[in-house]
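The following pair of complexes shares a single chain, subunit A, combined with subunit B in the former and subunit C in the latter.
Let's turn to the complex of A and B:
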């Protein structure tokens, strides 16, 4: 008994020390990144200063009038483009043109801090705090892009200095363009992609994160009532407030993790078993069986889910069949209106198997067909039984190859919206009138909070927590996996 | 691929995106999805009338689009700039639309204000107004009325039985069916009990944001407690109401699992499709308090009439619309008496016009549509407009802060998180006090 307790304690200690180690390693990683960043900035400043001192007079002027260096060397198109960038940027910055009544530019930076001051009346609009925050972020993005353009202008002019010093010819616009289609083609193709990422991914993400630090909710509709910065208040409310979020956060988070675990591993294991079964030598018509399972992938998932929902409904075919054969007297609610939340939870996990297994089966089939046969032959020569070969070769091989898939699948299941939303709508409801039902995941709850309740700030907080959980889980598990540590092992 | 071709594709894609960025939006009107075609025709008539009156064509394009009127206000508020210039909402959405400095414009045109004053019942005239900056304005123009009625299966329930819930329950018991299917569990669906009034006096002690005051709520009177107790017996009866299921109330009605459903005109087509010639439509039934339900001053034998929210849908106008100068004239036309009558004839929209039942010939026939109109008009006598338009918080607190679930806990006698089972009057009253508090503060405490 004491031995068992000691063993248990040892395992717990090991887990804790592993978590502490991971946290320590993350902390150290962040510290190292910060130091590297500061040193990098310092280095760039030093280089910038040195380059300024070393540069020709026209390049020195380019530090103040963009494009001057190029224009002075008769690179008119390039020079005017840089000049246009500078004039355009200064125009936007200092004149602060308005879009939908809200300025972009210097005023936007001011508004970014205040989030609006004018409370309008029934005929005149109130400052739109949301647009002000958005345009503040956009202006910061514009400043970032301007700095990139500014540095590119200096680099280009300094590059010309070096060419002239070496007695070489400065490139014409045509030659520059030709270079963009040749040796610098990567830049031509990457620039729109990077701009797209900045505009459509980074800026909206920053904007969404910032909402978590405001009181933008149903009581503060944008354009009607001003909202303001509230610091970490919303984060505090998750754990200490009186509202739904503080009461339901832990239960919803727990179910999300339980769901993600079971949804991932049940699919994974069942998919592997199915693949092994289909790949068995004695099984005939292998291709047919694979095709049958692939067909379920070909049907849009939401259609499958809605069909299953109808099939399992109280007066659907399953209940009718069960009642007809006399197995039940009254229909059973399997999903959102189930009387027992566990029924609904088990049902969604079961249905998830149906939509998820074919993916694992397909992938594992491919892996099984690609395991080098010489491994098995060598094992056979060494006297290994089929079971030993399966445990020592097949399973490690599958696990090694599919670990990244397993991790992404786990993360995907944490944010699995369709299955829960379409099957149960988060229900059955829990007592006390909370919006978050028994099968709600963090994402479906987030949807309800934002779309139904307009609690954008709390939705953003939950979004951040979801991100932290998924990002941390992914990084830790991936770094600890053999697929990461022994990358070369199976090559 | 050739780099030049790739580059060209890139340039073309950029041009395509930039060209698609800006296009001048037409004057846009959102109406209920079921009425789009009708109002497209109305707008054509308006444009012709405008040209006749002004000697020139209307200077802008007008686009009529369908929208879910239940969520139109929320959708509009998500991005008011991109929202329609005129749209239709249920009047109880007014609070969220006029919160702070308001996102919709008040009616200022004297003719339109006179039309509103002359054509609408007093109860509607109150709920289309709102206070912004200490000043009261009229924001909405009523054009559709709606109240709850009972759709039932005539094959199982006689015209006598359908007058009372007890009769319906007896019919359900005899046929071993469910008496009623609920279409949802929200605050609208329990209103037939919560808003029930004494059939003799027409009174109820219930106060819901009375006078537009957030603190003027009362749900713990003897009559409400008695009604809830009666409701509990009804809901927990083996053949009582059926909670919403994944199958949906239409299937339950069609498959004769349940015999009736409480709903409004918006579900008429679905009810008609489910029951066909077996469909009957009447005003909501009465119920009688028994010894088991009587509490405090309420005596056994007291008859209660099921209540309803008697609402109006109204047109509202976007504040700061670039077509501001034209909007009131268009709304005046869309909500005119003639268009309301045509709307009833063509798409069965019950008019908000106060004398419709008498003046509109089409409402006096014996068709199902006429029965629907007549049942709704009868229910107006036993209903109140949802009083949630006065303040942004009212609708939110009433529907979204858990009060409907707490009412359902009483009715289903399910163990609540605060009070346990609701077997005694005191437990019911305690839960009703919590509900009152939610209405006042949004919180249970």
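Let's turn to the complex of A and C:
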């Protein structure tokens, strides 16, 4: 007994120390990259100054009038593009044109700090704090892009200086274009993708993180009531244990983790077992069985899940069947209106098996076919029985190959939205906290808080918190898979 | 190999054991298949059921008998005549065709660049992509909504296309894994022959990449048919003409309180069948590529 307790403590200590270690290493990593960043910036400034001194007169002018160096060397298209960038940027910056009644440019930077001052009345519209914040971020982004363009303008002009010094000719516009398909091909390929990512991923993400530090909620709808920066107030509210959101935070968080744990491992084990069964030598019609399960992947989830929801409803066929057989007298509610939250939780976990097993099965089938046969031959020569070979070759091989998948699917389950949203909608409701039911995960709660309740700031705090959890998981899996890559054997 | 080691002495009992385990294997598979096919068959049956109540009207709600007592095409007729379903179908088709072209192009070009070209910002791009991928996707949906609104694009299908495909460059991991397997020597020898990077991409990489192109295209094409969160937020619930099939069918069952009609379940089922048939056919015919992609993605981690 004592031994077992000691063992348990040892394991717990190990887990804690490994968590501490990873936190330490993350902290150290951040520190190191900060130092590297500061040093890098310093180096760049020094290089910038040196280059300015070394550059030709036209390039020096280029530091103030973009494109001058290129125009002086008859690279007209390039020169005019740079000139146009500078003129356009200054025009936007100083005239602050308005979009939807809110300015972009220097005014936007001022608005970004105040988030609007005009309270508005019958005659003047209220400042739209939301758009002001958005355009503040956009302006900061524009400034960043301008700096990049500015530096590339000097770079290219200085590059010409060096070419001329060596007695070579500067590139013509045609040659520049040709470069874009060869030595600068990565720029051509990445530019559209990066543009899309900046506008539709980075900008919104930065923006939503900022919202966590404001009081943008149902009482402060954008364009009607001003909202303002509140610092870490929202984080304090969520973690303080008081208020509607805070009361539900720990329960939702723990259910999310419980859900992710059970959903991941039940799918993982059952999926592997199913794959082993289908791949058994004596089982015929392998393709048919596999197709049956692939069907569930192929059918859009919102259709199959809504179908399951109707099957399990009080008037659905499952209740009817149970009543005919005589197992129950009255229809049971399995999902969103279940009397016992545990019923609903068990049901979603069970239905998740229905959704998830086929994926694991597919993946493991592929792996099973790739196990090198010489492993089994060697085992056979050593006199191992089939069962022994299975336990010491097949199982370790599968576990070894799929560990990264296990971690990614744990992370995926933390953010699995469809199953909960379509089956229970987060219900059954919990008294006293109408905003999160007993099957709500962090992500479905986040959806409810932002879309249904317009508590954007709280939703954003939850989102950041979810990010921290998934980020830790992803980093762990990243390290794990790397460690595995360096490992030769799986034993 | 695995079955060859039965010892002669125990031959009979081993054979019997084998038989028992095979039979129980079949039993398990049959039971599981029934459970897995049960909801699918239920939707199909519901789509064709035409039971009528005492007044002779169609019963459209969820009924408790699994097998219908009367069948016919009434639900399909209703679906096409009394709802905007054909419109929703065309909307979804339009969105998914355009966004699959854009997403596939973006994903593959990023994956190729990350896998085969060496340049200064490569490492930092990989790290940023890793971090961005960790944020819950729809955390930023509200922000995207406001960005599109600032561009005066909300309430248009074009906005939805942008929302689906603009960020596609981030989903390059699986495809990058595929490109990593193309030997570098192939590329180097082409370069020695004077080929530019663009020519290498066009003449060597693309022809070799059929499986991964199909995998990426399949996922991005089916995406708009399956998603309804983005479609619901960006296009709004109040414009039935702009719904995609997912939003439209969902609203048939659980629309806003004022419009919800419990008698639409069988119509929903009919719509589901129409949506599911092409998607399932596509999936099954591309099954090979899908399985390859899933396995590669999972094992790479």
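Here is the rule we use: the second predicted complex is superposed on the first by the 469 of 491 C-alpha atoms of A that agree within 3 Å, B and C clash if a C-alpha of one lies under 4 Å from a C-alpha of the other, contacts with A are read in each partner's own complex, and residues count from 1 in each chain.
Quick note on the criterion: contacts are C-beta pairs under 8 Å (C-beta built on N, C-alpha and C of every residue); 3 or more make two chains touch, one makes a residue touch a chain.
Here the structure is a predicted model, which means the values were calculated and not measured.
Looking at the superposed arrangement, the partner reaching more residues of subunit A, out of subunit B and subunit C, is C.
With both structures placed on the common chain, the touch criterion links A:391 to neither subunit B nor subunit C. After overlaying the two complexes on the shared chain, residue contacts for A:194 are found with subunit C alone; subunit B is out of touch.
In the superposed model, A:258 lies in contact with neither subunit B nor subunit C. Legend: residue contacts after superposition of the two complexes on their common chain; A:452 is shown touching subunit B, with no touch to subunit C. Contacts of A:202 after superposition on the shared chain: subunit C is touched, whereas subunit B is not.
Of the two partner chains, neither subunit B nor subunit C is touched by A:39. When both complexes are overlaid on chain A, the residue A:30 reaches neither subunit B nor subunit C.
Of the two partner chains, neither subunit B nor subunit C is touched by A:250.
Contacts of A:182 after superposition: both subunit B and subunit C are touched. In the superposition on chain A, the residues of subunit A contacted by subunit B and by subunit C overlap at 100, 181-182, 185, 188-189, 192, 222, 310, 313, 315-316.
Residues 3-4, 6-7, 10, 14, 74, 77, 80-81, 96, 98-103, 105-106, 132-133, 135, 137, 185, 243-248, 251-252, 255, 257, 319-320, 392-393, 396, 400-406, 409, 414-418, 438, 443-445 of subunit B are the ones that touch subunit A when the two sit in their complex. Partner subunit C is touched in their complex by these residues of subunit A: 99-100, 130-131, 134-135, 178, 181-183, 185-186, 188-190, 192-194, 196-197, 199-205, 207-208, 211, 222, 274, 277-278, 280-283, 289, 291-304, 306-308, 310-311, 313, 315-317, 319-321, 354, 358-359, 362-363, 365-367, 373, 376-377, 380, 384-386, 389-390, 401-402, 404-405, 407-408, 415, 417, 443, 446-447, 450-451, 456, 459-460, 463, 466-467, 470-471, 474, 477-478, 480-481. Against subunit A, the residues of subunit C that register as touching in their complex are 1-6, 18, 21-22, 25-26, 28-29, 32-33, 35-40, 42-43, 46, 61-66, 105-106, 109-110, 112-113, 117, 119, 125, 130-144, 146-147, 149-150, 152, 162-163, 165-170, 196-199, 201, 222, 225-226, 228-229, 233, 246, 249-250, 253, 265, 268-269, 272, 275-276, 279-280, 282-284, 287, 291-292, 294-295, 298-301. For subunit A in complex with subunit B, the residues that touch the partner chain are 100-101, 119-126, 181-182, 185, 188-189, 192, 218-226, 242-243, 309-310, 312-316, 333-337, 429, 431-435, 452-454.
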